[in-house]
Amino acid sequence: GQFGRYGGQYVPEALMPALEELEDAYERYVLENEDGFMDEFERRIRNFGGRPTPLGRADRLSERYDSEIYLKREDLVHGGAHKLNNALGQVLLAKYMGKERIIAETGAGQHGTATAMAAAHLDMPCEIYMGRTDVNRQRPNVFRMRINGAEVNPVDIGRGTLKEAISETMREWSRTVERTHYVIGSVVGPHPFPAMVRDFQAVISEEAREQARAQLGGLPDAVVSCAGGGSNTMGAFHHFVSDESVDLYAVEAGGSSLEVDEEAGVAPNSATLSTGDEGILHGARTTLLQDSHGQIMESHSVSAGLDYSGVGPELAHLVDEGRVTPVTVGDTAALEAFHRLSTDEGIIPALETSHAFGYLHEAFEAGEDLGETVIVNVSGRGDKDLETVIEETEKRGLESAPDMSVFETGGGI
Amino acid sequence: GQFGRYGGQYVPEALMPALEELEDAYERYVLENEDGFMDEFERRIRNFGGRPTPLGRADRLSERYDSEIYLKREDLVHGGAHKLNNALGQVLLAKYMGKERIIAETGAGQHGTATAMAAAHLDMPCEIYMGRTDVNRQRPNVFRMRINGAEVNPVDIGRGTLKEAISETMREWSRTVERTHYVIGSVVGPHPFPAMVRDFQAVISEEAREQARAQLGGLPDAVVSCAGGGSNTMGAFHHFVSDESVDLYAVEAGGSSLEVDEEAGVAPNSATLSTGDEGILHGARTTLLQDSHGQIMESHSVSAGLDYSGVGPELAHLVDEGRVTPVTVGDTAALEAFHRLSTDEGIIPALETSHAFGYLHEAFEAGEDLGETVIVNVSGRGDKDLETVIEETEKRGLESAPDMSVFETGGGI
Amino acid sequence: MATAFDGGGAFIPYLAVGDPSYEASLEYVEALARGGADLIELGLPFSEPMAEGPTIQGAVTRALEAGMTPDRFFEFVSDLDVDVPLVCMTYYNLIYQYGPSDGPRSFVERAAQVGLEGFVVPDLPAEEAGPLREACDEFGLDLVFIVAPTTRGDRLERMMERVSGYVYVQARLGATGARDDVSDQTGESLERLADWEIPKAVGFGIKTGEHAERIAAAGADGIIVGSALVDIVAEGHEDDRPVEETADRLEEKARELKAGARRGAERLPEPEHP
Amino acid sequence: MATAFDGGGAFIPYLAVGDPSYEASLEYVEALARGGADLIELGLPFSEPMAEGPTIQGAVTRALEAGMTPDRFFEFVSDLDVDVPLVCMTYYNLIYQYGPSDGPRSFVERAAQVGLEGFVVPDLPAEEAGPLREACDEFGLDLVFIVAPTTRGDRLERMMERVSGYVYVQARLGATGARDDVSDQTGESLERLADWEIPKAVGFGIKTGEHAERIAAAGADGIIVGSALVDIVAEGHEDDRPVEETADRLEEKARELKAGARRGAERLPEPEHP
C-alpha cells in the first residue's frame, strides 16, 4: 500500500476490516483474475463502455506545433470520460464481493454519472453523495444520475463541494460498511484504492502504447495528461512509466494564481503537485494543499473536475522521483485551449482536458521541445462545460470565443 | 436514382448540374474508391469517429423480454449519434470534389453538430441553417456548433423547424452551388443523396452483421431501429436487407395520435411510413404527410429528431415491398422506454432511439414474437434530451420517472 | 401562346393567387392585364416553396392562410376577366396529387378546362417531366422549363426536346427576389440559347423599367417579374390600403415594366437569320 | 491516567476546543470537570473531520472560524484549571505537520509540555501508528485506539500491542452523534475485549444518564460522551445564551451522565478473575 513515502490507510478503525476485505478481493479478482473477473471486466468495458478508444492524429495541431500530435480519445468512452473504466471495474468487483449496495462521491458529477451508469448496467442499488453547491451548479449531471436510477444525496457541509462529499461518503461507508462498497472516483484514498483505480484506468496507456507501436511504429516522446486527483493521469502514464524515453507531463490547474491566501484558507488553484506538500488526507499520505498548521485549503479551478486539494499518492511519488513532470496551466489558458481544440479538430474537450492542451500550447510558444511525437490524453468531452465556458469566456473577453449573437438577433436571414 | 417508384431529382434546374457533379463524385470516390477516398473515410471514421461501435448484450432487457437483446451502440460515436458517419463522409467528399464551403440544415441540432465537428476536423468553413424555433429550444447544440467554429443561420420562415431549414438550405445551395456542398442530414433529398447517405451509414449494419456472426454465432432474427428521415434506419438495415430471415422494424413516432387535423394542416405524429402517402418533397418522390390537396403537413413528436413530414425514398420502397415493417410508438411510450433503458441498462438513449425500445416493449407486452435474438440500434445518446424528458415526464405524471426533489429540499442529509 | 411574344419585349408578371385574398387577387391580376401584361404567370401556392425567396414565400403563406387550394385556384382562373394567355406556376406535388389520376393528368385536364395554356414547375427538371409533358401534349398545353446559369451541354439539349411555349431564363443563381443589379449571367445565358426557335423570357430580380429595358435589349423576348409586384401587394396588405389603390399601383408598375421592355426590344438589331 | 478509571463508571466528556470561542470553551471544559468528569477528551479541530457526524462537524467549523490553531490549542490546555487527565483528540495531519520534526515528535513533545496525557486519533489505525507510538513512548504519553464493532481477530491483536491508557470502544458503526437507542453491538464488543488488561471506555451515541447506566452495566469501565454535550454548546451559541448559563447546563448534564455511569458500575457483578 506504499508508493515511496506516500500511500497508506489513514482511516477510522471501523473501515479497516472493509479495506482488508477489499485488498483481498483486489488481489484475487483484479490481480489474479479469480473467477474470470478481469475477463468479464474487459468484455464489459469493451461492449458496454466502448473500448478500445482510438488514438487519432490531430492534423491541425500537428501543423500548428510542427510535431506529430496524437489524441487518445477517452472522451468517446460511454458517459463521456475515462471515469467509466474505474466505475465499471469497482461496481463489478463489488458484485463479485457480494456487496449489495454502491455509494460514491462526486464533484462535477462525472464520477457520479459513471458510477450510476455502471450500477444500472450491473443492477446494483446506488447512492451518490454530492456537495450542495455542486448539485446546484451541475444540474444536468444530477439529472443523468437520477435518470439512471441512482439516489443523489446533497451534502450540506462546508463549501459543499468534492472535498466535503468525499468526507461524507467515508462517514456513510463507516455506517454501512458490511454490505456496501464505496466506489472512490480517483487514484486517491486509502490502499488499495490508489492501486486498484490505477489498474482499472491503466487500460488507457495499455491501449495507447500498443496503438503507438502499431500506428507510429514506436513509442511517443511524451505523454501529456491533466491531473486533478490523477486517475486519467495515472491511467495514461502507467504502462509508459518504465519506458524511460517517454516524458510524462501531469498538467495541473493553475487557477487564477499560484499564490495562496493562508488567512482565508484558500488556494486559487489546484496545483497540488506543483505547490503542495506532504500530509494526510482522505485516507492517504500524499501531497496536499494545506496551510502552515496542516488544515486543508480549499482549491479553485474553472474546471470543477480538477478542483481538489489532494492528489493520488502514486503520482506524488512519481513526481518526487522525477519520473513525472508537474506543470500548471491557468484558467484563461485552459479556456483558450478549449476553443482551440474545438475549432481546430472538431473535438470539444472537457475543461479538465483543456488544461493538457493549454500546456501543449504554452510549451510550444515558449519554444520548449516536447519531442517529435506527443500523445495527449483527451480525458473527457466538454458538453457538460458549455455553460461555464461561455460564461467564463465572455467574462474574460477572449478573442478565441465564438460570437453567440445568434440568439439575440430577431431579424431575418 | 430510383427505388421502385420512389426517389428521383425534383429540384430547381439551377441545382441539377451540382447533382450531376455529385453523382459523378459519388460513383468515383464512394463506389469506386478513387484516390483512396473510402480508405481515408474508413480511417477517419475509426480514429476520429470512434468506430467500430460495440454490439453489447442488454442483460436486463434480455431477462425482461425473455429474448437475447443486443444493442448496436451508435450513441458512442463522436458527437453522440450515428450522424457523424454521414457528415464526415460528405465533408470529406466535398474536399475531394474541391468544394470550398459546407452548408447543412439541422432540426434538433444533431446533424448540425456532427457536420460542424466534421468540418472543423477537415478544416472546411461551415454554415448551418436551423429554424428559429429550433435555435431557441436546442441552445446547447447551437453552442456546440458555434464552439466548433460553424456559423449558425436562424431560419425565420413558417414554424421555424426542420422542414423550413431544409427548404432554406436548398435555396442557399442554389445561390452558391458552384463552390458549396450541401451536406444533407438523412437519406432524403434528390439522388444521389439517399443512396450516398445510406452508404455512409451502412457501416452500422456492416459492423453489426459481422459482430452478430462473431458474438452470437449467426444472424439476428430481427433488427429494430427508429425512423424519422431514416438514416440510422437504413444504416442499420442495409446489410441485412438480403438476409431474408432477418425481420426489419422501422419504428416511427406515433406522437400523441395517429389521427390528423386536415383543417389545421397538422399531423400530431411523424408516422410517415405508416400513415402517409406518395408525393414529392425536398427533391424526391417518397412517402409524405400531406393533406388531400398535396400541401405538406406539419409533423409532431416529442422527439425533435423524428419530427419530419417525409422519409427516405428507399425506406418507403422497402416498406412497399414488404421487406421492412413500419410500426409506431407514441410519445408517452417513448418516454417510458427512455427511463426503462436508463435504469435497466445504464444507457440514456436519445428520445429518437427511445421509440425503438418503446416498440420492443409494446411488442413483448402484446405477445408478439420478434424472435430469439433482436438487435436494437441505439442511434444516439440522450444527454441533449434531458430537459425535454423531465418536463414531458412530469407533465404526464409517469410512474417510471425519477423523483427530482433533490433540487427542492433545503435541509440536511 | 406564342403570339404573346409577337411584338417583342413581352411583359410577363407573376402573382401568387389568393394573396392576400381571393377577391383582392382577382383585382390585382386584372390590373396587371390593364397595365400591359402580354402573358400572366399565376402562382398556385405550395407549402414548401423551395425555389422562392422571402418575398414570394410571404405571398404563398398569405394565400394559403386565406384558404387557397387547387380547386379554388381553378375557380379563380375561370372567374378572371383578362384577355392574355395564362400560365400556372406551381410545385409538382400539387400537380401530382390532384384528382383521381395516378400522376399529373387530372390536374392538366382541369387546367385546360379553365383555359390555362401552360405550366412552369420550378421543382421539375426535364428529366422528371415525362408524365407532365405527355399530359400537356394530350390537352394541348405548353410546358415551360427554366434554364439556369449553370445549365449547359447535355442538359440544354434534353430541355430543348421537351420545352414548349417559352423558355424561362433564370437571370442569376439563387432564389427569386427583386435585386438592384442586372446580372452578367443573363447575356451569357441568352447567348447559349441563341439557336433555340422558342421565345426566351428572362426572370429573377427584375425590378424597374430600366432593368426591363436592359434585359430586353440584351436579346430577351420577354421579361418575367414576380417579387417586385408581390412587394406592392405585401405593402398594401401591411399598410391596410384599399384594394383599388394597390391595384392602381400594380397597374402603374406594369406600365413602367412593359414600357421598359418595349424600349429594350426596339434597341435590338434585326436578327441575322430570319 | 489509569487512576481515572479506578472508581469504575468513569465519565469522559468530549468538547471541541475553541467552540464557539476560546474563552467560552475554557468555561465549558471547566464546567465539565466540576460536573464530575474523570478524564476529558479535548478536540483540536481539523478541517476534514472524516469520522464525525453533523453535530461535531458544526463544533469544528465554529472553532476554526473563531481562530483555533494547534498553538492556540496548547495554550488553551495550559490555561485550563482542571484536575483530571486530559487527552487530545485530533486527526493525524495536524499532529504530523506540527513543528520542525518530520513526523509527530514535535507535536507530542509540546503536548507533554502542556500536560496532556494522551491522544485519540480517529484516522490513525494501529497499522499506521508506529511513529506516533514511538513519540508517545519517548514523552510518556498514552495512545488510545478505537475498537469498532467490525474490529476482529488479527486486528484486535495488533491494536492490543500498541494501545495504552484506555481503549475507546465504538458502540456502533457510523460517525459520532447522539442517538436514542443503545446498540447491541456494545455488549458484543466488550465481550471480545474481556481479556484486555486495560480500561474500556464506550463512546458513540450516549445521550442520557440512563444510557450511561446501561452501558456501564454492560461492563464498560467508562463512558465517552461528545455530541450530547456539543449539542448544548451549539444551542447556547444559536440562542445567544450567556456563557455561564451554557456552562451550568453542561455541568448539570455532566452530573446526570456521571451519576448514570456510577449506577451502572454498581450493578456490575464482581469480576470472576481478579
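Here are some notes:
When the chains are written out, they are named A, B, C and D in that same order, and each has its own residue count from 1.
Note that a contact is a pair of C-beta atoms (placed from the backbone, for glycine too) under 8 Å apart; a residue touches a chain by one contact, two chains touch by 3 or more.
Chain identities (UniProt): C, D = Tryptophan synthase alpha chain.
Just so we're clear, the structure is a prediction, and the values are computed from it rather than from any experiment.
Seen from the Cα centre of subunit B, the chain whose own Cα centre is farthest off is D.
Here the CA centre of subunit A is 65 Å from the CA centre of subunit C.
Taking each chain's centre as the mean of its C-alpha atoms, subunit A lies 38 Å from subunit D.
Counting partner chains per residue, subunit C shows two or more touched chains at residues 54.
With touch defined as above, residues shared between interfaces to two or more other chains in subunit B number as follows: 412-413. Contact between chains, using the touch rule, shows up for A-B, A-D, B-C.
Touching subunit D in their complex are the following residues of subunit A: 8-14, 16-18, 20, 157-158, 163, 167, 170-171, 174-178, 265, 279-283, 288, 290, 292-296. Of all residues in subunit A, only 46-48, 50, 53-57, 59-60, 73, 75-76, 78, 80, 116-123, 135-136, 139-140, 142-144, 146-149, 152-156, 168, 338-339, 342-348, 383, 386, 389-390, 402-404, 406-407, 409, 411-413 touch subunit B in the complex they form. Those residues of subunit C lying in contact with subunit B across their complex are 46-54, 57, 61, 64, 69-70, 91-94, 96-98, 122-125, 127-128, 145-152, 155, 159, 170, 173-175.
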